[in-house]
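Shared chain: subunit A. Partners: subunit B in the first complex, subunit C in the second.
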Partner chain A sequence: MKAMNWLAGACLAVAALSVQADGLRGTGDLGIVVERARGSLQLVDTSKKSVLSRIEGLGDLSHASAVFSRDARYAYVFGRDGGLTKVDLLTGKIVKRVIQSGNSIGGAISQDGRFIAAANYTPGGVKIFDAETLELVVDIPAWSDELQAASKVVGLEDAVGNVFAFSLFEAGEIWVADLSENPKRPKITKFKNIGREPYDALVSPDGRWYIAGLFGEDGVAVLDLWNLEKGVKRALPDYGRGQEKLPVYKMPHLETWAVSGNLAFIPGVGRHEVVIVNMETWEKVGVIPVAGQPVFVMARPDGRQLWVNFAFPHYDTVQVIDVPTRKIVHTMKPGRAVLHMEFTPRGEHVWVSVRDANRVDVYETRNFTKLTEMPAENPSGIFFTWRAHRFGL
Partner chain B sequence: MPASRQQELTHFVRQECGFCHGLRLTGGLGTPLTREALKDKDFDGLVATILHGRPGTAMPGWQPHLTEKEAEWIVRNLQKGFPE
Partner chain C sequence: MKAMNWLAGACLAVAALSVQADGLRGTGDLGIVVERARGSLQLVDTSKKSVLSRIEGLGDLSHASAVFSRDARYAYVFGRDGGLTKVDLLTGKIVKRVIQSGNSIGGAISQDGRFIAAANYTPGGVKIFDAETLELVVDIPAWSDELQAASKVVGLEDAVGNVFAFSLFEAGEIWVADLSENPKRPKITKFKNIGREPYDALVSPDGRWYIAGLFGEDGVAVLDLWNLEKGVKRALPDYGRGQEKLPVYKMPHLETWAVSGNLAFIPGVGRHEVVIVNMETWEKVGVIPVAGQPVFVMARPDGRQLWVNFAFPHYDTVQVIDVPTRKIVHTMKPGRAVLHMEFTPRGEHVWVSVRDANRVDVYETRNFTKLTEMPAENPSGIFFTWRAHRFGL
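Showing the complex of A and B:
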């Protein structure tokens, strides 16, 4: 009898354990979809291609972006209203939320995952937070003596060596904050006269090159983060709006500069073209005509395809470019206001947000078949956890 | 102006202008477009900015996509606090 009781108890324990084991899961196939007007996120599963839950209460999410902790469990969401929200993807709950400025544009996470940096318009500068607690570690106002004012900070990127690099829109400067020695007093290196109105930037996938796009003039500013003493160089003199200053209906995004081999593919500014750049010589080596002014030019992880979306009024369209032939191999019209596209970790699927249609579509990238769609309220950015382990994302 | 077009313009301002000026029009890379920010600004100047852009800044001209009447409707509503 005693033995029977023991056996029953053991069986119960095993049953309890298996329930718990069933409840465990990884986060490598999780992600978030930003519902910009509602101020909420949808927590999504890219294996099941489904929505797990909705997370509410994130404030003004126009132009929201997100980074992930190095364990890929937490998302840090940067909102327009200066809100920085830490979300637990496993529980689907907000862990912590701070209003860190009046007006923010985005942020980054440090190489070691210990620090979150937010880029702010008002007051212009960068604030760095402890990733665990969201407590302020250091405030770096983007003050310029020449202007006697703080500049809006754009193009904040993380790079090798626990470094954050960012650009000052009004002042035309690039600053590099090095947190490797003393995070509370980062070593700041300033580069002046880098060009007029840097508006966005990116770091190359190896974390070495910081490239800022310029709105006020043609060309880009290039900084070699391995060799800061060499300073900022100008490149691509014929990249930009040109003499006639074409109207640009939506600022192109550089963060996801698509790289394939030694070529980078970047959105033309004001022009209906994707620009091909040789990354060894920093020269423009060609253009691919497309349906409108590109906003995002995203390379599938294997680099064989580029998916491109467009600014108003061509924002209902997505085009796919085959990289080896540089030809458009597919054009689709998912509907008004395709705002973002995100590949699954190895790129077999792409998720596309269609704002006005209140829909997220999932496509098979090899044959462009639509696999499923799910309702979402005015969806904009889509961010999957593979970003946790990349520079500059 | 028909109510349906007014609705489209409201959506257009909130969403398209919102990329630079914020969904709540509180500003971003572009200046704030709230009632407080615009109420004392010159009406015709604002209409011209919408239609022709502002040289030396990122503000493009929207003339190919908006009529003068529509730009006036937008400015009138921005100056009294834009509808949701």
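Showing the complex of A and C:
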């Protein structure tokens, strides 16, 4: 009996140690940094501004993106090679990895967190997986009757009501898949002739507007997800590469259009400007000249600042715009090739991937002071767990 | 040696069990339900829609509120008796509890999560604590030179830049404490003659506008936290109890004004209506008639629905307003005395406290179906961890 008590005591000590080592901790301040060339992730802590561990073996992570589980414990990473990897942020281990297609361009998680959707180029379509097991729930081929061929799927976004919206590049269509009644047989609404070659899309932070950018012509396609019966409308007729087909070094990312009140701030295509759009009328109401062709225009969570990075040859530069005055209040050159930026949940800090310097920098947003830097191998995307609780990210 | 190996093996088994039992889990889907009479909390899981455990010993929890740590692991609960309790949601235990004043009315957490501020009636003032240790960082007495007396502090809210804003009831002042440079000696900006008897306040979801409701006269006080030099302005001159001093059964809560685009939807005072305000001009632009005097008007996270509960004698009723059409689309009576409602992070569900029925109900917001109910002893406030990453909650 005495021995048993002693054993129990010793075990409790081991258990306590083990709990700490196994990471009894909150997950609201965790995140990942994609190391694209190495096929790995840095698991990071945004409170301590530090790296916790490296997670290896995620395949081709060029252009990789991630979403987070409802409990903010798991990251789902979409790789360019069609890999979908579920990572446990508490143990720093891969839980499951499936090669779900030949070539993928990103994904989304349903409003209720039960389903992961991946958008695929090869073969074109959307596959929807159970978030718990990564078992296939339903495969939605992007077959166009008009084309008699499959299309590449781009701009896959989640919205209110367990809805996924996505665009068909070759077919020029927008589809809305509603999983709320029967996830295995989603109700699909198709919108045709929405414009030539939609190449990316976004959902507004309130989950209402689905906006697809067009590669094949100027303008954007706008779908009101609250009123599907109104159909897709065209807006911003002079938004795009223009008649002269400006040289575009990198088509801007749309997923992160910055919204502040009723205004959206969007990267100009091929032009050195940020375009201001009134979201009530979907009309252009102004531009802000900037240092290069914008790639990401990201609003600090309070909407007061926009942080902008640029395509080649200005990809060494980051500019900060003050929203009320629409003036550039800061310009900096953190290093060659700034690839991505991510704000802490309430925006006091921003993390910046400086790819060629093998570094992630952390800045205080109110005064642009660099607080710290961390080594990372060719870092690209940075994703924090607060995304678990937002739409369209 | 063999014995040691055996011990290690046995301990590993215990450790593994212990890890699971001690809750290696994400914290993004946790929350608390206040059991006001019992002085306890129900620790809840919003994914499983279930109660995990009960946490006892929090003192007087009438009118209690809570904020969450940056990592979404800890809740800080402000009790009416001046108690400030730090609760570990992973272990279900109280970490620390201090009686920080004689009588408290709520609190806030700083943008960076380092500081907890409590607003006090007795003696009037704000105390700011270290979020880690609950040690006092600074005490800000609400002493008014004009009154030569201390005021009760109400409407304490966090905002961008490690700022806390709050109102002095008797003095009719709004103070802004900026902790960004030196938390032990915050820079305090005082605004006087802001109106008679501010009784509650809110910060808009973007952290920009601080709005105080007035008990002693009609109208509200509006402070632009991005432009303190512009001072406090008065708005909504006919918002309040009116000349005839309508009987008001319960002054509405302001902290949760619903914002959708540029419109705010606010509870009418003493009137059976929700008031629509244009936040660009701070003018009333319409009203929506409802079943009683609203207490909480809460926007579903996507801003499409407003859920409204009411003061006596209509506190058995909940109404749902469709924002685009401004029509009431659902009315229900979950039971006598609906005290509070809380949405899941992306709004697919809403949890409702039905105090006298000793029950918390969970509804699907898209079709108003009741999904489940849980027993709870006289439940009042419900708070989920997604609040960790928002302003002014």
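Throughout what follows, the second predicted complex is superposed on the first by the 370 of 393 C-alpha atoms of A that agree within 3 Å, B and C clash if a C-alpha of one lies under 4 Å from a C-alpha of the other, contacts with A are read in each partner's own complex, and residues count from 1 in each chain.
Convention: contacts are C-beta pairs under 8 Å (C-beta built on N, C-alpha and C of every residue); 3 or more make two chains touch, one makes a residue touch a chain.
What you see is a predicted model; the values in this text were computed from it and never measured.
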Subject >> Residues of subunit A touched, compared between subunit B and subunit C (which is higher) >> reply: C
**OP:** May I ask you to decide whether A:345 touches subunit B, subunit C, both, or neither, giving the answer as first, second, both or neither?
**Re:** second
Original post:
Just subunit B (first), just subunit C (second), both, or neither: which does A:265 touch?
Top reply: neither
Original post:
A:388 contacts which: subunit B (first), subunit C (second), both, neither?
Top reply: second
Original post:
Is A:324 touching the first partner subunit B, the second partner subunit C, both, or neither of them?
Top reply: second
**OP:** Using the superposition on chain A described above, determine whether A:47 touches subunit B (first), subunit C (second), both, or neither.
**Re:** second
**OP:** Could you tell me if A:239 is touching subunit B, subunit C, both of them or neither one (first, second, both, neither)?
**Re:** neither
**OP:** For A:175, decide between first (touching subunit B), second (touching subunit C), both and neither.
**Re:** neither
Original post:
Do subunit B and subunit C land on any of the same subunit A residues, and which?
Top reply: none
Original post:
Which residues of subunit C touch subunit A in the complex?
Top reply: 7-8, 10-12, 14-16, 18-19, 22-30, 46-47, 68-74, 89-91, 111-113, 160-162, 180, 206-208, 226-227, 260-262, 279-280, 301-304, 324, 345-348, 366, 385-386, 388-391
**OP:** Would you tell me which residues of subunit B are touching subunit A in their complex?
**Re:** 11, 14-16, 18-20, 22-24, 26-29, 53, 55-56, 58, 60-61, 65
Original post:
Can you list the residues on subunit A that touch subunit B in the complex?
Top reply: 36-37, 60-63, 80-81, 103, 105, 121-122, 152, 154, 169, 197, 199, 215-216, 245, 247-251, 312-313, 337, 355-356
